[in-house]
Amino acid sequence: MDRALRRRLEARFGKVLTGPVRQRHDETEIRIGAGDVPEVLLALHDEPDFRFGLLSDLAGVDTGTSMQTVYHLWSDSSGDWLRVIADGLSRDDPRVPSVTFLWKGAEWMEREAYDMFGITFEGNRDLRRIYMPPDYASFPLRKDFFLADDASRSPAGGVRHMEQTHGPTNAEAGARIRQAPAS
Amino acid sequence: MTTTRTPFDIPAHASSDDPRVTLDEQLGVFEPIPPYPPRTEREAEFYTLRDGEMFVNMGPQHPSTHGVLRVVLKIDGEKVVDLDPVLGYLHRGVEKLCENADYHQAICYMDPLEYISSLFCEWSPVMAFEKLLDVQVPRRAEYIRVLSGELNRIASHALFMGWFALDLGGLTPILWSFIERDEIVEMLAALTGQRMLFNYFRIGGVNGDLNHEFMSRLGAWMSKATAHIDSNQALLNENEIFVRRARGLGVIDTATALQMCMTGPNLRATGVPFDIRRAHPYSIYPELDFDIPSRTEGDCLARYLLRMDEVRQSLRIIDQCLHQMPDGPVMAKLPRLIRPRPGRAYAAIEGPRGQYATYAISDGTDQPYRMRIHDPSFIHLQSVGLLTPGNLIADTMAIMASLDPIMGGVDK
Amino acid sequence: MTVVGRTWDRLTIPGKILAVVIPLGAALTAGLAILIAVVGGAVVQFLADNLPLVRFVVAATIVLLMTIPSAFLIIYMEMKVIALMNLRYGPDRVGPFGSALSVVHGLKVLMKEDFTPTGADVPVFTMAPVVVYMSSVLSLLVLPFAPGLFGQDFNIGLLYFFAMGGLTVVGLLMAGWSSFNKYSLLGGLRSAAQIVSYEIPLTLSVVGVILLAGTMSLNQIVLGQAGSLFDWYLWRQPLAFVVFFIAVTAEANRTPFDLTEADSEIVAGFATEYSGMRFGFFFFAEYVNVFIASGLTVALFLGGWNAPFNWPWPVTVGLDPGGLGIGLLLLLAIGPPLAIVVLGLPFYLLNSRIRFWQALVIGFVLFNVVAVGAVLGLAFLSFDWVVGLLWFMGKTYAFVFTFVWMRGTLPRVRIDQLMGFAWKWLLPAALLNLFVTALAILVLKR
Amino acid sequence: MSLIPGLGIVRGMALTLRRFFQPKVTHLYPELPAEISPKFRGRLQLLYDEHGTLKCETCFQCAQACPIECIDMGGVDTKGRYAVHWGASETYGERREESALRRAGRTVPDVAYEHWSPIDLGPVDAILHEADHDPSRLLEILGATQAAYGYLPVAALKRISFGTGAWYAMIYGTATYYDHLRFEPPARLAGSDKAATPALGSGRQRLEVDYLAGLEQAIGSGSKGPAGRVR
């Protein structure tokens, strides 16, 4: 855990942070609003205090109630992975500014997040589906997307363990979605 | 206007050889242009032909796309003007499957991702889950992980050499490198029980201790490994045709490579000695003595030679592992059913192709809530679109091979 | 039911077949005999009047038939040699050391479905393999295999050779264009560019040899190299040899110049859409081309059929079978059975488990081996074309091995490097060679 | 790259020629079987105990733990009445032929599962709702289901498994353990209109029961049954 990094982050981004800076093992986590993504990442990328030059990973997360995009950054100024979570995107129309102006290589990762979660990255000039066919209508990694499991329909097949995660069949739709942990 | 088939035209017993069954459709010409209006600016730009240009559809069945990749090339004569990789032909939805499997089962899905270097695909999720659980891995298990991982790295790089030569038209190196790989794979089969999809790393350790057969095979191989690998490379390293084709091809500079999120040998070939084993140490790598080779040219030849240098460093690491191997258990004590506390964990390791990373979220149940798999092949493949335009068709394969993507990892 | 019907029913199936075939054969023989008696004289006269035509037809037929076993042999060599270089065994199941595998490949290709892709230009698509194969076969006609053993001795043999070689590109272009496939098109265009470019250094490098020999007849060129190893043109034209060898490799589409069918780039080039025996024709033509390239190199630079050292050919064997008179008949009647018994007897006497008839079979086989060996040995000693053929084939297959060896070692060049090499290096080298040779001839002859 | 052009090529050619004469590494497979290390995990095998009997108890734990569902199990329950299965239906030995036929586009009479496919699952859903989809109240649910249907249809068991999240093997085991739970309608024993269903190999006993019941009915109540049904 890099306490100095935490202090620097709190000092620099105190206003835009939507939650406390968390640290566990070798990870430091900050949460920001979706609109602050370009500004914060640009500062992290360029400012000599931070120098987070490498975008290690970009992921979308569906918490069941909202959407998040998660950026993992690496810098030689710190021994920690920095995790930037852009929080609170609406599930109906999640939108977040693209970071392709900083890292062109984020283009495909954003395409993947769009393909899997439906998150629209504003500013990505090639935001189309990457894995699923172009006429596909759904977003598979969302939590309300259940695996089609013909075993449950065929009388011969056993019930697979996968189905355990689904709630009772006649429960209301909202109750069936797994919720992300509060943290 | 396509003629519609009615079921009355065709007898029920018609075989597929019946021309009425197979040739009733209108004669169609396959064009790689998608049959819908362009959705993005980039797609509209790509699928617009200027004078003298044409599309060539390469793949998903093509000898040198390293799996089922489809690349639409826009060419002007022999020159590639632009290209558009189309993914998803091997997409299995591993992330979704992992969310519906418990933590042990999720590791099982990792091996087929990059089937050339399976151990590295297991390593990062295992590390992420250990972080979630706060498990201390026994030191002997860490040493065994590093030992088997470096062996797998050598196997992967040996195969890279063969593929690269094959895509440049050389027939022989692929078979020589398969001989090397086969010896390593047999060795790992004696250790892990499988030849390709090892499924060896467990949360909190490894699946079994070192055994006699593995050690005897390893000893026999180590005694001749350096000589063999050098001899195999002699065919390519000095060959004028090979060097002339690879040198100065697909040059990428440091700033662009970082912009493209490259890691691993492809980044190191541009002059940055960035290696997660040193930059963000994990496992027992801080205790080991090895160098991070880097080259400054950033072309295909540099990427090739850099991997060959890494093989030598891996041999050094294996040697040290064998000498420093401590005694002790190879598995931490863990319950059978794992329910980590709610939380998030990120673990990245340095694989033969770059950074393999896993981002796992636990919600307190026995199944990961979200499991993001970051694969270097996926990241590196998009650089092909940056490096290739302006080169010839033959160079497309050379550049693609030098970036060393594995489609199993690209398509997840 | 008549007697005939009952007899027919009693016949076995082979009997029924024979009962039909024998009368038919008899009738045909009789008809042919009558035909020959009536028009035979005129036909023989016609053939005697047009002997060159007969010679051409016979030579073309023999050459056409010869290409198939030689292609099989080269295919087998390619599989086996590259396998051994790759540290594998290669074909080792069919036939001794797997040598029949190429024949099995040929049969497989024959049996496969031969389909034409949608949208192909059917007549051109069908004709292309024929053109490619025929151009290879026609080139073989002027290749001197041995003294007196060649199809035609043109005085413009070399020119004819290159003309026929240039016809290949037409076939490849036809295949590439008519296949309705972009890979095929690229392969056809590549082959056109490559072969046309390499024709020029290829032809220019040979001009030095033509100047030295003073003729374009391949037969005369080979005769001009008679003598020992050091009379070969290789020593007088080393640069031309290098240029010629590289250019001929490119002409034959061999590695490292096999861009037309670069499988890692354009799948199979012009042959992408071909299947069955049409693909087989391309396949065969490629290997016949390898044979031709090797044979031409040998004929031009390595003395053709000439032995590398002076050998007292031909050895005259003082054997006159006619002198034996009626004794020859007796020898022919008694000799073989006697030899069979004599050769088989030791097996019968020394091994108690072998019965007498088995010993006779062994003796028969041994006698055949001995007799064939004796006849071949006699032929080898008495006919100089046999030994010439052996020398020629030995040298040619050494070059074929080199081609295969290169394929097992080298990667492929790129198209711009290929063209640049032809125009920037090979062409000046060939021109330089030409001028130096001409100058040397002028200076030395004066 | 060497100073003299072409030297690298020549050295490479020399290397391949050297390899040409070196011993080969290919495994001559059918003649020499491959060496498989004792740790090899690629074969699935069932273990035997010291008495020579199979250790496998058909508990389905391995099959349910297998993430890629490659384990396919079949067995006969303790009373020898039912063949139970775990795995994709196409992989069952008994159903493989039918599966092939079904893929070929012809309809196949599903004789083995005919008797429980058409049931109405409404009562089960009601029972499950009443029991709050709680797997710990499984016996109660099963009892109620039996009361609703008169027996335990397999489709209902599957629905219970689906609803409660309990494994099918668990429910099936519970149902076979208690004597008061039965898998067949009691009416069938008295010889209903439905004749002896052609069953799987394990259904032999059921055929005999049907046969005896039919015989009893035929003798006891005159020849009321359909003619020719019982011979």
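Chains: A, B, C and D, in written order; residue numbering restarts at 1 for each.
The working rule: a contact is a pair of C-beta atoms (placed from the backbone, for glycine too) under 8 Å apart; a residue touches a chain by one contact, two chains touch by 3 or more.
For clarity, every value in this text was computed on a predicted model and none was experimentally measured.
Enquirer: Between C-D and B-D, flag the pair that has more C-beta pairs in contact.
Expert: Answer by contact count: B-D.
Enquirer: Just by CA atoms, which chain is the most central one?
Expert: Central chain: B.
Enquirer: Could you state the distance in Å from the CA-based centre of chain A to that of chain D?
Expert: Between these chains, centre-to-centre, one finds 40 Å.
Enquirer: Round to the nearest whole Å and give the separation of the Cα centres of chain C and chain D.
Expert: So the centre of chain C lies 63 Å away from the centre of chain D.
Enquirer: Between chain B and chain D, what distance separates the C-alpha centroids? Give it in angstrom.
Expert: Using C-alpha averages as centres, the distance is 37 Å.
Enquirer: I'd like the Å distance between the centres of chain B and chain C, where a centre is the mean of that chain's Cα atoms.
Expert: Spacing between the chain centres: roughly 47 Å.
Enquirer: Which parts of chain C, given as residue numbers and ranges, touch two or more other chains?
Expert: In chain C, residues 85-88, 408-410 touch at least two other chains, as defined above.
Enquirer: Residue numbers in chain A touching 2 or more other chains?
Expert: Not one residue of chain A touches more than one other chain, so the list is empty.
Enquirer: Two or more other chains in contact with one residue: find those residues in chain D.
Expert: 9, 12, 15-16, 19, 25, 65 - these are the residues of chain D that touch more than one other chain.
Enquirer: Under the definition above, what is the set of chain B residues touching chain D in their complex?
Expert: 97, 101, 105-106, 108-109, 172, 176, 179, 186, 189-195, 208, 211, 213, 231, 234-236, 238-241, 243
Enquirer: Residues of chain C touching chain B in their complex?
Expert: 82, 85-88, 118-119, 182-183, 186, 190, 255-256, 258-259, 262-267, 407-417
Enquirer: Which chain D residues qualify as touching chain C in the complex?
Expert: Checking each residue of chain D against chain C gives 9, 12-13, 15-17, 19-20, 22, 24-26, 28.
Enquirer: Once bound in the complex, which stretches of chain C touch chain D?
Expert: Residues in contact with chain D: 81, 84-89, 405-406, 408-410.
Enquirer: Using the touch definition up top, name the residues of chain D that touch chain B in the complex.
Expert: Listed in rising order, the residues of chain D that touch chain B are 1-2, 5-9, 11-12, 15-16, 19, 25, 37-42, 65, 67-68.
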